[in-house]
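By letter and in written order, the chains are A, B, C and D; residue numbering begins at 1 in each of them.
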């Protein structure tokens, strides 16, 4: 994350305390450009208010780290346990998700104070208790990765909130980048065979990234860059949004019910297609990767192009040999950038758009959720979702890795989802 | 309106400028206890955010008084014409009502500035232009009465917004009044005959209060006080909310669909029935008038009691002989008060609760809406609404008169609606 | 009712037994052209299947006349009490209205048998019990008028059922009438004053037609014929369905939500507007009265024309001096006919279309529902409905009188509702 | 299929003409116990009326086999192309699925005639044209398997139609079987490794059963019989329907939204749990396999039992070594039967209940839909569905094989879905 909202990047090799502070500070920095009014509204049931994200991530540390572990600690406000639980059934009743936007109090001042008091107590916990408690260190680690996820959610949610305002406000003013020049996509082949999939055990991973196991693949290839807006305009010009045979049955139904005729946030104007982004309302740049498309659209595009989407295993088999670092967006971006020059390897693998895969979100063989309430983190969502891989322009830098499994329903468009093609070989 | 939010009462006999300033100042005073977050949320489609009320009333003056009349005046922001039009079809497209709570910008600071700039221009207009323009003076007058209506809406809306918050916040802290002691209701008889109904032409009235015309009444009587919470508890104890034969067909359907078992804002607790009001969560006071009941409930109560509701003509025939003044709530109340001692006349006629009448909201014979967009003010709502008469605890003092016709759908409960009984004689 | 489905008109002066047999026979005759499949379907929640009408009218006699009154009588099937109760809360639980179309058994053969057995028992009752029991005779009388209402409902419901079938089937084949030639409408004036309204006590009337009482009217006039399809085409050509200022607020909302651009059952074809009727799909005849319009449309038309709708009292004041007989449709019609030549009196008052009035459906002063379950017949619907007067092309002949109050919600269009204009004088 | 509705089993080795006649005759035999009313109703959007199934299967032969192939053939009724297309976008517009129950005409007599005339033409086609046209023979073959699918749909749909009738009618009267005696389930182990999955190419298969490909499995075991109603009663007694941690997130939401507390068609009575089946309303038999459970319930049961569901690949790896024949239900059953005595192999693999697998419905590697409209048969449904394997009590005998992939949304319960457990080894 960079530019005007650029934050102290969380030092990946710092101490746990240093990393705690850095992650927590970034959340506040991301919220800083937003007014109290901006932070209160829920523009659709999937979206949560900014102030809810700020409070919920704090509640996570309070509930799973402080309570019962820091001697003498008492919850800041007993009502928060109900208001700021997201979906953990094992820690009690919770406020209904679609009503998060109805809660005007606590306001942003009280939530800033809540964060301050929990951070103070966490300082204490990290200094005095955590050193002898590896289980607790693991929960703090989980809490940090959880908060990084919510940093991304905060940005994609506020993008939606601002988009429903007829005055089209921006999250952040910055110069519009120069339009890029797209090149032809190339293909990177993989011989198939038995490959190992899942987290190796080094560094942090969510439970759904394991157990590591073997999968048998047939020979395949993936495109060496993402599908561009220019290619998407061709798809639209070919009447794809009005051609039922290109679509999954549910996809076609959704296209008609929702009246889709372009990616989300695109607007037809007298001067051609424009797009409303966090940083501006500007013409669609044909060189940029397309983003804010549903799985239905990604799948239809692949069919139209004569190719297909990769499975998540194919994607991972290719991605493990590509360094994350050079692939991440440079500081200052809140939207994907055009592909860098071709170099024989897949480009834009990490950090531009989440890439829809052909894989339904299912447990790996032998998967067992963690015991206790944090076991509800991932496993209970393993139905009717599609896996996305990679990372996107609003994903915090330290939160990207080749085994990471993101997932959304096939109809979702408000996250930063895009497309990479694949083919049999 | 009084107490903590007490305002400079609009001087009814002041100059138009004085009255303009007083009415406008009261709106800001009513909003003052509310945070930016409170002022942004729309808790159901019927409710509008506080900041919308503040902006819409300002838009009314800008659109109908300033535009085209004050030389050199230019609208503060062209987008506001779309955002803050409520329902006037003749002045252009408008933002959909159910989405008023999604608009985070302009925020309350920009809206305060909007009000300031319009007030400045209105000062100018009132001094330089209005004196020679009786038509314009009439529009300013209409705008003031319009703003008074929205003062009441602002309070009934924020009561709903705060009620959906699980932490039950208050609008205003103040001491709970002592519980009253209800007396027996008496009856005030009227001989019937031909009576004149509607506004006489002195002072301001909305178009729906005329033309004045004659109606033939049969002999009847009305109760000399409002139905109390104590009487409502008897109705509930008699299983009325589970007895279909007491209800209109639509009413019984609604009771079941909504799960009603008491007036709105009542909560069953271990210590009996409590009520969430603007000023506190406190036990139901048996001596206070019941409020926040629908027409369906008012009608069912009347049937249960062996009586009926008065027609709006009966109500007016009685009310014209009772002075408004002594009937108004003393300053400092935001909820109805127990009846004063009986004195042979109907008590609590003005200023405690709006009284549901048996009359559907229909035009008086010869009714013609005003020409132009302000003609949309009342006439186009004349179907599927019931008339209420009187005024309530959150109605501004100068906004109460015997011929005033308020109206709501039969199922509505969030306004301050209560019950007075009537009977044939 | 006539032509192919012409029935033995119920002899209005016959014995009760004769009239019972005639009414019951007409129901069966009306159902005769319909297949088992036709009689089973419920095309929207407002509609009931034909076989349900046949069973429910039978249940009425069984429940209110036979049970407990005919010695030894036992209900034909105990399940029918649940399946065929329409809305009588006092006689027990009932099958939900929107699910009437899901009940495949009993089928039409069992329902024919149900009717036969109840008719047999009723013969017995009429001969042996009723002569000494005027209360029972009154219930039989009520049952007959009830069945006549359902004869009309059966026809308007089946018109809707057949209309949703893309193959546009007919209820009854018959020659298309010659298009008529509309004349100019004239006006019939009334001086106003105190008029008596409501049933005089001679002959049968529903409880909602009384008590007879006095109403004060201002001078007015009513049009001497109904609004025609030709006039409606002008209204449409003037873009009325896209002009919000012509409409009540709820009406405009409904026009947009439903996509209305013409009366119900009208279809735009390459050869102009056609209409799907019980007897054919044919060009709209400009001379025929418009029918299948909502109250919203009737009200908008009146506004557009510079006039208004009559109140139900104005209508009745005029209608009492016009003989019903000559106004009824000749046998053989299932749709309204062009106006006969002008003769200085209002034409088409009875038997062509139900005429929307400006009056909300409210109880007359002093109204008391009948005691017991039959008291649920009318009173509990007295909110959010508009009164219609007259009678229509599918109303049985003996069921028409000047004091009859029909009522439907303002949005309803599937009954035979049309328009007569009125004006102040 | 057997007993009262027993049909001439389609001779699997007969000529195409013989098999055509046998399959077509079975459809008519299955419809025979149903009245015109039964065959018309659509009790929920997922359900189609019996007469629609009879017509749609006929339309399939008319559209894909007769049209353009049988010289001189003209469609029986041009309207049928619109009315009886299910979901084939490439052959034109179609009647909306949720409105299938509104079409009263054509009635069952006209549909019987439609079937007769198409069968006559097909006889011709099969004799004169098909012999030289292997492509056409393949389409006829597809049409027969398509009709067999609809035979099953017809029965599961009519079970739902009859279930919503408060009188609980039966499809077929027959003696209630003796309750069984459940034995302990055993486990059948599989060593894992690379297994071949998909159709081998011998005999008919749908396109989604291929291409045959290799999958890498870990060692596992499957239960040697289905989960029983007795085991399900224990699950219910352990409060499983009120324990959120047992459920997928969407599953828990659905349980609450739908008020589920047992499998579909179960009813709590004073004498314990009863079940409404095609052949009777009778006590739940603890020895019978549980059926009419959703994927959510199957998954929750597996979690509760400490095991898991098999993947579709594990299921197939085991099933290929088990003969279909001995596993099929004996004639005369319309519901699953208790497990036969254990014999060291998985029992009840085919023909009792469809077994929910842990696998989302996705294309096999290299999958390509057939060209033309019949390519819409399977592929376009490959998202948000779970695979079921086996076959059930209402599946026609010749329609069962180890590679068959059935699929339904996770919430569906009206098909005959049950549970077999699996475990890692």
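Assorted remarks:
Rule of thumb we're sticking to: a contact is a pair of C-beta atoms (placed from the backbone, for glycine too) under 8 Å apart; a residue touches a chain by one contact, two chains touch by 3 or more.
As the structure is a computational prediction, the values presented were derived from the model and not from experiment.
Hopping across touching chains, the smallest step count from chain A to chain C is 2.
Averaging Cα coordinates per chain places chain C and chain D 47 Å apart. The distance from the centre of chain B to the centre of chain D, with each centre set as the mean of the Cα atoms, comes to 60 Å. In terms of their C-alpha centroids, the spacing between chain A and chain D amounts to 39 Å. The residues of chain B never reach two or more other chains; the list is empty. Under the contact rule stated at the top, the pairs of chains that touch are A-B, A-D, B-C, C-D. The part of chain D that touches chain A in the complex is made up of residues 87, 89-90, 194, 213-216, 218, 244-245, 247-252, 295-296, 299, 358-360, 362-363, 365-366, 376, 380-384, 386, 410, 424.
If you check the complex, the residues on chain B that touch chain A are 35-41, 43, 51, 79, 82-83, 95, 99, 101-108, 161-162, 164-167, 169.
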